[in-house]
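Two complexes, one shared chain (chain A), two partners (chain B, chain C).
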Partner chain A sequence: MEFDLNLLLNGIVSGLLLGGLYAAAAAGLAVSFGMLDIVNIAHPALMVAAAFLVVVVGTALGLDPLLTALLLAPVFYLVGTGIYTVYNYFFERRGDEALQGLAFFFGVMFIIEVGLVMAFGPEQRFLDPDWGFVTWRIGEIDLPLRMLVPALFALAAIGLLYLFLHKTFTGLAIAAVAQDAEALRLMAIDPVKIKRLAFGISVALACIAGGALIVVQPVEPSSGQIFIGRVFAICIMGGMASLSGAIMAAFLFGVVENVTATFAGPSWAPAVAFGWLLLVLTFRPQGLFGRAA
Partner chain B sequence: MSLITRRQLGRVAVAAAVAGAGQTPGLFPAHAQSANPIRIGYAMAMSGGLAGNGRATNLAYQIWAAEVNARGGLLGRPVQLVVYDDQTNGGTVPGIYTKLLDVDKVDIVTSPYATAMIAPAMPVVMQRQMTFLTIFGAGVNESFKYDRHFNMNVVGDNMKETYAKGFLDVVGMLPTPARSIAIVAVDNEFAQKAAESARFHAKAKGLRIVYDRSYPPSTVDFTPTVRAIQSARPDVVFVASYPPDSNGILRAVSELRFQPQIFGGAMVGPQLATMQAQMGPILNNLVNWDTYSPEPTMQFPGVAAFQAKYRELAHKEQVDLLGNYIPPYAYAQMQVLEQALKRVGRIDQAALAADLHKSEFDTIVGKVKFGPNGEWAEPRNLFCQFQNITDGDLEKYKRPGTKVILAPANLKSGDLRAPYGPPA
Partner chain C sequence: MSASALPALPASDATRHLPFWLGAFGVAAAVFLALKLIGNEYGYYAGYFILQYVVLASAWNILGGYAGYVNFGAAGFMAAGAYTAIVVRKAFGLDLIPGILCAAAFAGLLGLGTGYLTLRLKGVYFSIATLCLAVVLQTLVVNWDYVGGSRGAYIIRPMTMPGFSSYGEYIFTVMLVLAVIAVGVGRTVEHSRLGRGLQAIRDNERAAEAVGVPTLRLKLIATTLCGALMGVAGAPLPYYSGYLNPEAAFSLSYAVNAIAMPLIGGAGTWLGPVIGAVLLGSLQQAATVTISSALNLWIVGWILVIFVAIAPRGILGWFGKR
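Right, the complex of A and B next:
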């Protein structure tokens, strides 16, 4: 493929828009995996479950999918606190969180997938807002609202999370529990309570990501599987416990994927994107924006 | 209250799983003729990525079994389906077929859906010399060369030379001859074979291939791929894709206002009701591979009655609402089995295979005859064009005039409209 500036610019812009979706999917995981050290491999499945619920509720009430996701986020927060309570009681409390905890979240993932098949059938589901078929054109740059609006929506939600984590006492406690749970206990704060709250927030973010996902593409019960590798790679590349790092890594991942797909062909896109991950880990094992131990 | 031990729990779970296998609660009542049934076993994608077509296939089988049992059974015995979910995972398939044959001791085995799940079943089935009726495989027996394999699929043998012929015939219908073609295919066996066929026929017709790439099934955003194709300025685009990629590709094509003379190929997805409902007019003028369209040229005896029955149940079973793609062929597959069994008069794998090789079968998808390799002796790859679509209403897909057949010539029901993409 010959070099073409328009192709490059459009590749970068579409990569940033794709990165917005990845950021939505990775932000929740950056909290649970990056800050709480909980390998929630069911996170993408929760995102897809949210997308299904957005379709059901949005269709029934005639609401915009992104607004519906916002309304459903508190429900997912409660689901998240419930999942964490079970995880903490059976695994974390006993010190079994490493391997058995991972198996637990694998189980949660399969239960969600099979549950979705049983409840909704295996067919694709979609909920397209009217604006999802509109594309803005600025010069030679195409901005399909199907990609742009979910990316902005996700960034707004992540921005609020960022403010919460950095400007509130509870948010700072979440950051603290990521560093030293025992030290938090010395300050008369229950780390389990803080972790439950943080995990609830991470699952609520999966709901927001589900709303973004259903606008971008239709979903089927197993749709989450293609995101597992990407979101974990993004969290690691950004630097564990760094929300802003995960977001930057998501954009980088999207741009690398799309520019590679434009010029070298789509089959190279994941190889190059994951190659970047290896490169980053070689030279900065703590991730792009993580702090060295 | 006594506590259940982990071992007891395991036993209960296994017992429940075994008891649950093959049961289809709610849809069809248990049949009175329960003595010594003919047991037909198969794995099917009831969950996972291919579950949409897997479940639709299973529903067609259930309709056939219920009809046969209502007529008094087969060879004087009721028919019983024994099905296990392969989870769209080829790794589960050998174990399922071993269980079906060695533990459940089924009389007949049919295949899972589709190529990637059929291939892992082949060694198990071949080892026990079972006659194997498969559904929608693509060239599976090219390497196995098993003489008891019979595939219900329109693609036939020698996919490279036959599959995309119809598409390139349609390209020849353009008022201004096309000079260039772009080919893009997902990295899976079916799509790669389809792309290989497109390449073969494009070269034969003297078309310049200006873009020829594959993409991984995990691709999320197709905008850069479509833009790269657009910049190569092909007259014709051949895409071999699976859902939901087909959806992403068509959305990107629409967003980038890409309007080649002909767009389509071997996209799996536009045949299904969900995508037809979602895409609406974006499908207009798409020329795509298909297996069935309710055009006057394809009104085979029994197909309308089957589809009416299927559509009654489809909503409740949460499967494809129209049943225009795989269900008629799944039902026809069982008709083939029924006719062969009746002719042979007993469960005899060698005699069944011999009959399947030599006979012609009357089915709801027309007359079917198998070639030496167990594929259809005469391929029937349809290339249909979506026309007159203004919205996502599905009713129009039950009538002629929406999926117009352009190839093959003997089933042609309308004329090509070009370019791709203008509003209806």
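Right, the complex of A and C next:
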């Protein structure tokens, strides 16, 4: 293929927009996996479940998909606290996180995925909001609203999370709980309560990401599998517990994946995620933007 | 970096192996004769289905049960084995048995490679890497026209096999022998220094390292063994079904069963995966016939979640074996 600067520029820009979606998906994981040390491999499956619910609820009520995702987020918050309560009661309390806890989340992921197949069939679902067909052009660069709006929506949600984590007492407690749960106890805060809250927030973020996802691309029950590699790679690259790191890693990842898809064909995109993950794990397990422990 | 670097088993241990192997082949012969007496082709079909899970679950148990490292990529390793069998048949005209050997070698190398890149870190990273490995291998196979791409590949299996009443009986017998070998390997590992080292890693990796257990080397041996056996479980698959497409080979049900079966039977014991595979395998075989296959997979997911929550030591744990 002949090298084409416009193609490359457009690839980079839409990669950045895609990165916004990835950032939303990875930010939730940065909270659960990065800060709480809970390896929630069901996170992408929850995101896909949210996308399906957005289709159903949004179509039934005639609401905008992103608004629907926002309305569904509290429901997912409750689901998250429920999952954490079970996880804490049966695994974390007993110190069985490593084997049984991982198997638990794998089972949850599996139940969600097969449940979606049973409820909706294996077909793809998609939504077309009215603004989804509009494309802004700046010079030679296309800015489809279908990509731009979800990216901005996701970044706004992450921005709120950032403020919450850095400016409020509860937010600071979340950052502290994984480092020293005992110290929290000494300050009369129940670490389990804080973790439950934080896990709920991370699952609510999965819902936001699901809303963004369904606008950007069609979704099928098994879509979550491809996202596992992506979001964990981004999360680890970003330095685990760092929100800003995760966002930067997500943008970088979106660009690399999208440029690969543009020049090598879209069916190779999933391989990028895995190759990237392996490289990061091998050479910089503390993340591109993280500090060495 | 091979098992020969470890000291040989003490003589007292070696003698206890003979009754096991005799017993195992005795059980296998009894199963074979019983099915031959029933003489129904479906019996071989269902038997193969359960036995492949005995191999898969035993393989998972070597790394997951003894060392506590979770391999989510069972489907990937199994498909790697199945596609190796297809490739060596297409390229060199090799039949089932050499195909199984090649599958073991390739899947073993795959396990070694994945382990080498990720096992120096926390166990979680290895698990995540195996999870992605399946996705990427599927991408590669879908894009690889030589093995049929997403359309899938056919293997014309012979109608008859000399010495056997049908090809179904032949492939069932092959899987039966493989299952005995896999369980035997698991048991041998459990009673060897390798198994003891892996158990020490599971209980406390740092302490194990401190008293001189070569943790990385043992983990690498275990991932290689685990990958090779999973490849073996997959290699006869194209011969069994006559047709293989990426979707079937990389089916998530292999990954979930490989984890659910040992955990339900009792992970970390050689008998646990066998119990789990026979129970869950029979249940699924019965459920596939009577109710939809999606619902029956859903049930497996729930059984897994409920079992790890309520009975973390599995069925064998109820009898206080550990």
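General observations
As a convention for this text, the second predicted complex is superposed on the first by the 262 of 293 C-alpha atoms of A that agree within 3 Å, B and C clash if a C-alpha of one lies under 4 Å from a C-alpha of the other, contacts with A are read in each partner's own complex, and residues count from 1 in each chain.
Assume a residue touches a chain if its C-beta (ideal position, glycine included) is under 8 Å from a C-beta of that chain, and two chains touch if they have at least 3 such contacts.
Fair warning: this is a prediction, and the values are worked out from it, not measured in the lab.
In the superposition on chain A, contact is made by A:S267 with both chain B and chain C.
In the superposition on chain A, contact is made by A:T282 with chain C only, not with chain B. Legend: residue contacts after superposition of the two complexes on their common chain; A:E123 is shown touching chain B, with no touch to chain C. Touch criterion not met for A:Y162: it reaches neither chain B nor chain C. By the touch criterion defined above, A:F90 lies against chain C but remains apart from chain B after alignment on the C-alpha atoms of chain A. Of the two partner chains, chain C is the only one that A:I111 touches; chain B does not reach it. Once the two complexes are laid over each other on the shared chain, residue contacts for A:F232 go to chain C alone; chain B is not touched.
Shared contact residues on chain A (touching chain B in one structure, chain C in the other): 113-114, 117, 222, 226, 229, 267, 270.
Contacts from chain C toward chain A in the complex involve residues 64, 68, 70, 72, 117-118, 121, 123-125, 127-129, 131-133, 135-136, 139-140, 142-143, 202, 252, 255-256, 259-260, 263, 267, 292, 294-295, 297-298, 300-302, 304-305, 308-310, 312. On chain A, the positions that touch chain C within their shared complex are 39, 41, 86, 90-91, 94, 96, 98-100, 102-104, 106-108, 110-111, 113-115, 117-118, 222, 225-226, 228-229, 232-233, 236, 267-268, 270-271, 273-275, 277-278, 281-282, 285. Within the complex formed with chain A, the residues of chain B that make contact are 45-49, 51-52, 54-55, 88, 184, 187, 213-225, 227-228, 231, 243-244, 247-248, 251-252, 254-257, 272, 274-275, 278, 317-320. On the chain A side of its complex with chain B, the touching residues are 1, 4, 7, 10-11, 14-15, 17-18, 21, 113-114, 117, 120-126, 128, 133, 135, 142, 144, 146-147, 216-223, 226, 229, 254, 257-259, 261-263, 265-267, 269-270.
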